[in-house]
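Structure first, then comments.
Letters are used for the chains, namely A, B, C, D and E, taken in the order the chains are written, and counting of residues starts over at 1 for each.
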Amino acid sequence: MNAGLAQVCGALIARDALIALRRRADVLTTFFFFVIVVSLFPLGVGPEPERLREIAPGVVWVAALLASMLALGRLFAADFADGTLEQMALAPQPLSVLVLTKVAAHWLTTGLPLVVISPVLGLQFGLAGDALLVLVWSLLIGTPVLSLIGSVGAALTLGVRGGGALTALLVLPLYIPGLIFGAGAVGAVQAGLGVAGHLSMLGAILLLALATTPWATAAAVRIALE
Amino acid sequence: MSIWKYSSPQVFYPIAGSMVPWFAGAAAMLTVLGLYVGFFVAPTDFQQGEAYRIIFIHVPAAWMSMFIYLVMAFWAGVGLAFNTRLSSMMAHALAPTGALMTFIALWTGALWGRPTWGTYWVWDARLTSELILLFLYIGYMSLAAAIDDPRRADKASAVLALVGVVNIPIIYFSVQWWNTLHQGASVSLTRAPSMATTMLTGMLIMVFAFWMYSIAVSLVRLRHIILERERNAAWVTEIRAG
Amino acid sequence: MLEAIALCCTRGERSLFADLSFGLPQGIALRVRGENGSGKTSLLRILAGLAPAAGGEVRWKGALLCDLGEDYLSQIVFIGHANALKDDLSAVENLRYGLALSGIAVAEAACRAALAEDGLGRIADLPVQWLSQGQKRRTALTRLAFCRSRPLWILDEPFSALDGSAVSRLAERLQRHLGDGGMVVFTTHQEVPLGFVTQGLELQ
Amino acid sequence: MNAGLAQVCGALIARDALIALRRRADVLTTFFFFVIVVSLFPLGVGPEPERLREIAPGVVWVAALLASMLALGRLFAADFADGTLEQMALAPQPLSVLVLTKVAAHWLTTGLPLVVISPVLGLQFGLAGDALLVLVWSLLIGTPVLSLIGSVGAALTLGVRGGGALTALLVLPLYIPGLIFGAGAVGAVQAGLGVAGHLSMLGAILLLALATTPWATAAAVRIALE
Amino acid sequence: MLEAIALCCTRGERSLFADLSFGLPQGIALRVRGENGSGKTSLLRILAGLAPAAGGEVRWKGALLCDLGEDYLSQIVFIGHANALKDDLSAVENLRYGLALSGIAVAEAACRAALAEDGLGRIADLPVQWLSQGQKRRTALTRLAFCRSRPLWILDEPFSALDGSAVSRLAERLQRHLGDGGMVVFTTHQEVPLGFVTQGLELQ
């Protein structure tokens, strides 16, 4: 009757997926938020195709950054408010693993959709085929980094009023390296330079985040529950 | 025990008090000396004229801004690991000075940029990463301020500080990284070699001056934090009384 | 089994209790009493290992909690003021995933049966957000039906918002658990008819 | 002993101001969020001063939009969760006025700071003096519009999990006119054209919002409470 | 004074109660009874005008609620399951602004005194988020001390989380209010010693 770690993590993902399904609106909104923010820029900046193409990588990446940051509000806050997080901390499994699982589930419902839609948005800004490809790759490697780093901020601001904005303040600076290499990769391919360097740096960052953030997040959660 | 005994606020409070004057004095003297060397001994720069003298403020501030962050993170980490109140207080005491240093580096840099680059601000990697550092300091302080329970504030902000350490190497190496992205040449690096020895000595003196200043101010702030945190402890009330 | 030795708890500047010691043998229920704000919830959270004590230690079978870690967690159940229910999931789903989270795998049918037994059959499939205060509390408590293998139950105000029949059903469940050699630590302000003797612990 | 409408509104503002004061971090974070978002773009887009100057108005305005949108989370959500909103609806004063008061307090703590800092950010992007002035004006007229429109969205999404993102989805489209005229004004002055047209349009939008949104918000609040 | 005529309430497909009628004269307390989920909270919210009834009407002094609007609201006090306290404000501030919100201006000193009277003197200046469950509830209930001029009190589970002394203090307060010709509609699952007779209303 006692379940192993794998089973528990499975249940956790299943549960979060089910909630996301019930709250389809949620998932969709992160998604539409991304789309809208990207679409706002031509309105603010003006329609010159040349200029748009130049700013495209930056705009898409910044929008992805903001979208996944907005979604952080749903990562722990609700579980914290209704006591589920307490139960997670009491689970006879290592909290860092459970946290990592939650982040994974979160990425599946918030990060992945952005990656999927990004080519369409890239087209809006007149990106060429190879640039589009690089954009997708950079986001595919980059968005998990955003979720992982974000989880630390989200956990740190649990139960702290103004969480949303405070989280933003905490995590946005830490997002910047990801942004630089992600947008940089696309910019490089537009400029006809190689992108391997940028993408591998992104990959390195991802590994670093995977190795470190779960512990930090778990620690932050425990602190919040004390 | 021998070392641990200093980790008690009560023991450390008077020690800090007795240390402050020395560091403050050293800071004052070194500043005078450094500024003298900087403004009267060091020769006028053949490229930039007098403007370059900002370097005597700018570089020390910039270095301290990074160094202080590391120290702050260290103490925060110790506080988190061993639950020693004093080290957390130390971290909190350091943060504002670090932020100040960062701000000075940005400010002087911007002022310096005007004559040399013809603009106050360029999105050069170093400038940007320094700006991030400022945001990190601010984030650290806001988080600590946003949590009412001091113990929780200590721990939470400590976690943040440790995570933020990642940014320090980023600051240092961002120059190279950026160059691989855009060709925005970083003035800071290109100028470094062409530096007269007198400039260098003056700069180093100023670095030590800033160092002493930071220690002195942090200790003063630390004493305030101790009093604030321990206000119901018997020994504090005694101090208040007499 | 469970021992608290010279426990202290301080909140802010205030010390809630100091040097509190007690032992809890098998088959006994400990009722923590005390007026509002006396520190009952704080004590329970310390016993569950959620919050560290300002001083003193808690031992389980002679070993310190901090050393036991997850081995201890797999021995206890903690139900606090908060119900740990997801508004968007039905009672059944909440029960099922809640148990899975604490490492107890149960089939859906079993969950449904347990809910029906607790008189929640007809609302078992409603999203919890629609349930009434008491129905939510009862859903949260139903998990106990599957935790009989865990010796130590820690319950904070379990009877709050429950109607008469629910109260007596819960009391019976606790009694049965004690009969099986379990232990219960709980608080309540209500004078509920418990079918078993409780060892009292007064906080002031 | 029974207090008049003015008194009640006074108390309401005082209360919100007090909370904002307790949560200084809160107010500051919206502010820093604005600063950070603006600073993110050059990183994504690249440092060329010329290009930056061109996109500056759009970027600053979009950032202001996002910042005040993020802050919406604090407008009603907390009051709803803890039952204060219930009490507001039960207050023997017209709910629409109370709501308007709350929005005003909200703007003072979130909108105004953005207006104040905007010139500095403009400088970072190398905007000229007159452009800066117009930027400030456009934000001064524009941010209240954002708060007013936002309040409707915030109220509509009360009690909906992940409200944050959903609010974003609801209000961002409504923000667009403000964005167009606001950023447009700055763009115009940069292009050496007159700005009176844009600004007066903004003013008109503000009046419209003032006249209509309080009722809508009040209605939305009542619905959320049913 | 308060009349409910043929009230119906349906939630989703389920009808909680149908054509429920009762009248509440001055000086009388109406205790709404019923098991969990029987519709007590729903009824109270309808009486307070927070939710519309599916059918039937509620009259106050003969006039329909919907016609009275704010005139009615200035006659009642409603305290629900939620405490309507701001975590960041102290008990005093919460009380003060809470009252101001419902149109009752009170000096801070008065609030402080009222809290002290209810045994919350020492925690009056702590941020509410630090208070215990019961302390929060008591802070929310203290507002009643300033609402004696409002005839109709509607209280949902007022006694929950209160310790013994707090319960009896609240009971006295209600009794005094009834003595002054006030009216109280309340629910509770606990068997609390009330010093006054209550007219019962059973929902099932």
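In this section, contacts are C-beta pairs under 8 Å (C-beta built on N, C-alpha and C of every residue); 3 or more make two chains touch, one makes a residue touch a chain.
Note that the structure is a prediction, hence the values are computed from the model and not measured.
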item: Chain located farthest away, centre of subunit A as origin (C-alpha); value: E
item: Reference subunit D; chain at largest CA-centroid distance; value: C
item: Between the pairs B-D and D-E, the one where more C-beta pairs touch; value: D-E
item: Gap in Å, rounded to a whole number, between the CA centres of subunit D and subunit A; value: 25
item: Geometric centre distance via CA averages, subunit D-subunit C, whole Å; value: 45
item: Distance from subunit C to subunit B - Cα centre to Cα centre, in angstrom; value: 49
item: Gap in Å, rounded to a whole number, between the CA centres of subunit B and subunit A; value: 32
item: Junction residues of subunit A - those touching two or more other chains; value: 23, 78, 81, 160-162, 166, 169, 172-173, 176, 180, 187, 226
item: Interface hub residues of subunit B, defined as touching at least two other chains; value: 128, 135, 138, 142-143, 146, 149, 181-182
item: Multi-partner residues of subunit E (each touching 2 or more other chains); value: 81, 87-88, 127, 129-130
item: Of all residues in subunit D, those that touch subunit E in their complex; value: 1-3, 7-8, 11-12, 14-15, 18-19, 22-23, 78, 81-84, 86-94, 98, 225-226
item: Residue ranges of subunit A in contact with subunit B within the complex; value: 149, 152, 156-157, 160-162, 166, 169-170, 172-174, 176-177, 180-181, 184, 187-188, 197-198, 201, 208, 212-213, 216, 219-220, 223-224, 226
item: Subunit E-facing residues of subunit C, complex; value: 11-12, 34-37, 40-41, 81, 123, 126, 130-135, 138, 157, 160-167, 189-191
item: Residue numbers on subunit A that touch subunit D, as the complex places them; value: 23, 25-26, 28-30, 32-33, 36-37, 40-41, 43-46, 51, 54-55, 57-59, 61-62, 65-66, 70-71, 73-74, 78, 81, 160-162, 164-166, 168-169, 172-173, 176, 179-180, 183, 187
item: Of all residues in subunit B, those that touch subunit D in their complex; value: 119-124, 128, 131, 135, 138, 142-143, 145-146, 181-182, 184
